[in-house]
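Look at the two complexes coming up: chain A is in both, with chain B in one and chain C in the other.
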Partner chain A sequence: MALALALLAGGASAALCVWRSPDTDIAEMFDAGSYKTVFEDIDDARQLRIEERLGAELDPDETQFKFFPVFRGEKQVGTVMTHVGKGQFGAIEVVVAAVETDSGPVVKAVRIQRDREKAKQALRSDGFLGQFRGKGVDEPFVIGEDLKTAADGADVASQAVATAVRKLLVVYDEFYGSGRQESVE
Partner chain B sequence: MSFFRFALKNLFAHRTRTLLTLVSMTVAVAVLFTLLSFNRGYERGLKEQLQAMGIHMLVVPVGCPYEAASLIIKGGKIPNFLPGSALDEVRALPEVDVAAPSLMSGIVRPEEGRTDIYLGIDSATLELKNWWKLKGRFFEKPNEMILGYDVTLIELSHVGDQIYVPELDMTFDVVGELEPTGTEDDGFFYVPLETAQEMFLRLEGDSGAASVAGIDRLTAVSIRLKDPDDAPVVTPRLSEIKGAEVITMGELLGTMMSLMGSAKTLLLSIVMIIIVISALGVLNTVLMSVFERTKEIGVMRATGASEVHVFSLVWLETVILSLLGGAGGLGLAVVGARAIEGVVKRFLPLAPKGSVVALEPASFLLVLAFVLGIGLVAGFYPALRAARAKPIEALRSE
Partner chain C sequence: MKILSGTLLLAGIAVAAVRVDVNGGLYPRFLVSAKKSSFFLMGAEATVRAQVTSRTRDILTAAVQLTAGSAMQGWTTGFHFGEAYVLFPTGLRLPTIRIGQAVIPFGLMADYDIHSQIVQTSFARSLGLRLDPGIGILGSLGPADYWLWVSNGNGPYVMDNDVDKVITTRIAPTFLLGDAEVTAGLSGLFGSLPHWSLDSLSAMVSGPRDYAAKYRLGLDNTTDWGPLTLRLEGIIGKDSTLSHPLVFGYYGEARYSFAYWIQALGKYDGWHTEAGSARNLGAGVNLRLPDVSMVEFQVLYQIDFLNTGAHDEQDWSIVSQVAVSF
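Presenting the complex of A and B:
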């Protein structure tokens, strides 16, 4: 069941979505002041590696990813990424803040910026989103096994969020983290 | 040496002055042609969009009918309503082929910076909009929904999925989705009319015990006539419906075009000023050339050239200048039309989909004739002055 949910949530999503309130998010997530926008095109080799690690294919429109490195003064303190994926009752947009550690990228914070789920409050609660804090790229993200659902009956939406977080971590790792490999054209 | 080559030689003798005159003519012509093309394209686009709707007239609530009509076409919340009985009265008219009721309302979603537009419809809309390509099926039960194409992309939802409306705590089964229509229809959530009537009464905080008359309300009735020529006969009869006003598509088109009227007048005034300045530039260039060639003209007259010869020569210079400026301006307008269109569409209210700049041969010829006329008028005085110069006085001049 949990695996089915993971596959379902990973099946229909698209990585590029707007970051709706960067100033608020940066203040809450990093207590920092500025960010840049970086676009990264994905080549065939990198796409294959990402898909292999995710165990799911990227969407046809996921040919480019957007990263927002966040700065406190001159120093980069982390990176924000956004993702829109399919929930149970419409799209869910997730904002993920990641920081680089010795063991690879880990989640610093997760925020839901758009959804139309019935369990809206639970999905946005710290009880649910707080579970992702500190999670690394190689850890499992299966709702019902590794992570608790946001609320009874919200398994699809919960898994959509978990899948989005993991996907963004893997993509980040492939471009900037220890999992990075130079692509062969 | 022919007249034409002689005239060209004279123009090339003062290249900088000629070039500056040409540039001003080119800009004036480009602006004029673009404005004309935009005007024709905008009107045509709007007309096509209205015709594509397959609607001959709209019955809307009393108020500002044109505002209501434009909101119905573009999407928005209409402050007034028609009683549901209006639909029966419309359908009772024998000239009416299809009468499609609708109830439109929006739910603002501040976190997304947009408003979801919900449109309550019944199966008559399918008859009216027979170009719609619907994947799935039409409503059979109350809590079913059809998604416009853009909505399927925004919500990543398709037939078989569910859509939840948190503001009303209502769940809908998606039973249909529209293929792209290229119109505002792509951006709507469609629900059964009766469901929409219940949802929006609830959204406005009315009590559940509201009267049937309060629930049974409409934003508009869109009408297709059996014969569009019956519009003048049907309109007064529809106007008798209590609380209703009637708008024909022709009136709506006229109103939308008149909304553009002030902006057009202002633009046209600016273009006229540019053209007058350009014409003065041509006059100045040719007149200066005549003054500088007084002696040369005197020699021409003394060696047998008639007044007509001299007049024709100088006038030909203005014709060449005008034609070159006109051709340059038309070329510039054709090349820059798409870029100008992009800018204009971004700021234009009620812009129809598709191109709003129509580059038509008729406009092309009209502008070319106009600029030639301006050149001939501007060149008349210098040509006349040159032709009337007395040979002996001209030869004495320094």
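Presenting the complex of A and C:
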């Protein structure tokens, strides 16, 4: 199903990663009933704010991001986001589920859709991905300091996942969280 | 690039949001062979995508592939240009309905988008087309994706010239096997499709002169094992009637990624009938710019073998391409 949607992704940029298994992911992450697709464009001002918060530049092709608000009945229970990170040997497709809390968005779950890394099992294990659960947008995401690497020799891939998760949280916050309110003010 | 977004109103109540985006692709190539050398534009295209959503769910997604130009001619143009379809999701854990012109979901084609690649799977010789107008469903059942597609068998932008239809099904579970992610697909297809003998493959560009009932059974496999990606496909079938001799084909491809930005690949495929065989052997390199995933440089050296009663040929070529998506 994902590849049927590949054409729709058009410019196949890092930020417009296809969501390959919405049925399974939503059932396991939210036990919810529906989702919709929302595209958001990154304008110059927002790009500067995001880059300032990340401490790094967005890639030239990161001009749009996709969000998937998830609903149980009429109530939104969270948001899923997807991103293509740069692993050691190829792209790593990361899925992040976030929920709103009083202190801002936090990670509910992280999944790897596809990767070409040697430590595939370790990278997808709860021992590694479970570390992100409950992490907030302003927390550090540094492998070797705040987070453990997935496996020996997998530091590049582990950091690629961590960077993708943090980037999605910051972008989410800029569009729907406190970042948005600050930009309005 | 967003070109339109808005909200549909019915009796003053917002019922749906609409967003339209346009993306583009550009594929300039250079080819060298024993007979010629040429710069040419493999394709310049745009994809218009419309997303219609209600407050809580996607209602439909429509996509139209618009061709600005291509050096491809005649029948073979329809291998790569003409995707235009609507997807209607019916809900979580339920199938998505697809209507329009789309890739026939047989074998690797269902999962492997070779549109922007130099390497091609064996669809041209095994099926005779890639895009076809029709209706179908696709979705997921646990770890398995599934497809059912009923189409004309005449290629894009053509009315059906008979009452026969082509029915294609595929089911493909994906699972982890150690540090390898494995997708194993089982496909079946039957129906009236364009037919070329091995000796007339070079005339494919002028379109089909006859059609045949084709029966195909395919097994395919995609394995991501660290930096190594393997794609394998085996097809057996019959043309015209079940009493005719078996035809069969195979496709094998290996890609090894040395780093994020560079990978080497090799492929070998063949199609065998009672008249002989047509095979292709290729090796190449794909390179990406370090921070720009929208540009890929590709080079492929390939040798085509044609061995029939009338031909015993071997042609080499080197094709390079810059694939740009924006």
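The working rule: the second predicted complex is superposed on the first by the 167 of 185 C-alpha atoms of A that agree within 3 Å, B and C clash if a C-alpha of one lies under 4 Å from a C-alpha of the other, contacts with A are read in each partner's own complex, and residues count from 1 in each chain.
The rule is simple: a contact is a pair of C-beta atoms (placed from the backbone, for glycine too) under 8 Å apart; a residue touches a chain by one contact, two chains touch by 3 or more.
Computed from a predicted structure; not experimentally measured.
Q: Based on the superposed arrangement, let me know which partner A:G33 touches: chain B (first), chain C (second), both, or neither?
A: Second partner only, chain C.
Q: After the superposition on A, what does A:E74 contact: first (chain B), second (chain C), both or neither?
A: So A:E74 only meets chain C here.
Q: After lining up the shared chain so the two structures overlap, which partner does A:V84 touch, if you call chain B first and chain C second: first, second, both or neither?
A: A:V84: touches chain B and chain C.
Q: So which one touches more of the residues on chain A, chain B or chain C?
A: C
Q: With the two structures laid over each other on chain A, which partner does A:T24 touch: chain B (first), chain C (second), both, or neither?
A: second
Q: Pick one for A:K118: touches chain B only (first), chain C only (second), both, or neither.
A: both
Q: Which chain A residues contact chain B in one complex and chain C in the other?
A: Residues 12-14, 84, 86, 88-91, 114, 116-118, 120 of chain A touch both chain B and chain C.
Q: How about chain A: which of its residues touch chain B in the complex?
A: Touching chain B from chain A are residues 12-14, 20, 84-86, 88-91, 113-114, 116-118, 120.
Q: Which bits of chain A are touching chain C when the two form their complex?
A: 1-14, 21-24, 26-27, 33-39, 41, 59-61, 64, 71, 74, 84, 86-91, 114-121, 124
Q: Please give the residue numbers of chain B that touch chain A in the complex, ascending.
A: Of all residues in chain B, those touching chain A are 111-113, 154-157, 161-166, 171.
Q: Under the definition above, what is the set of chain C residues touching chain A in their complex?
A: 2, 19, 21-24, 47, 49, 51, 53-58, 61, 63, 65, 83, 87, 91-93, 96, 98, 102-103, 105, 110-113, 115, 138-140, 142-143, 145, 176, 178-181, 224, 226-227, 229, 257-260, 263, 291-294, 325-326
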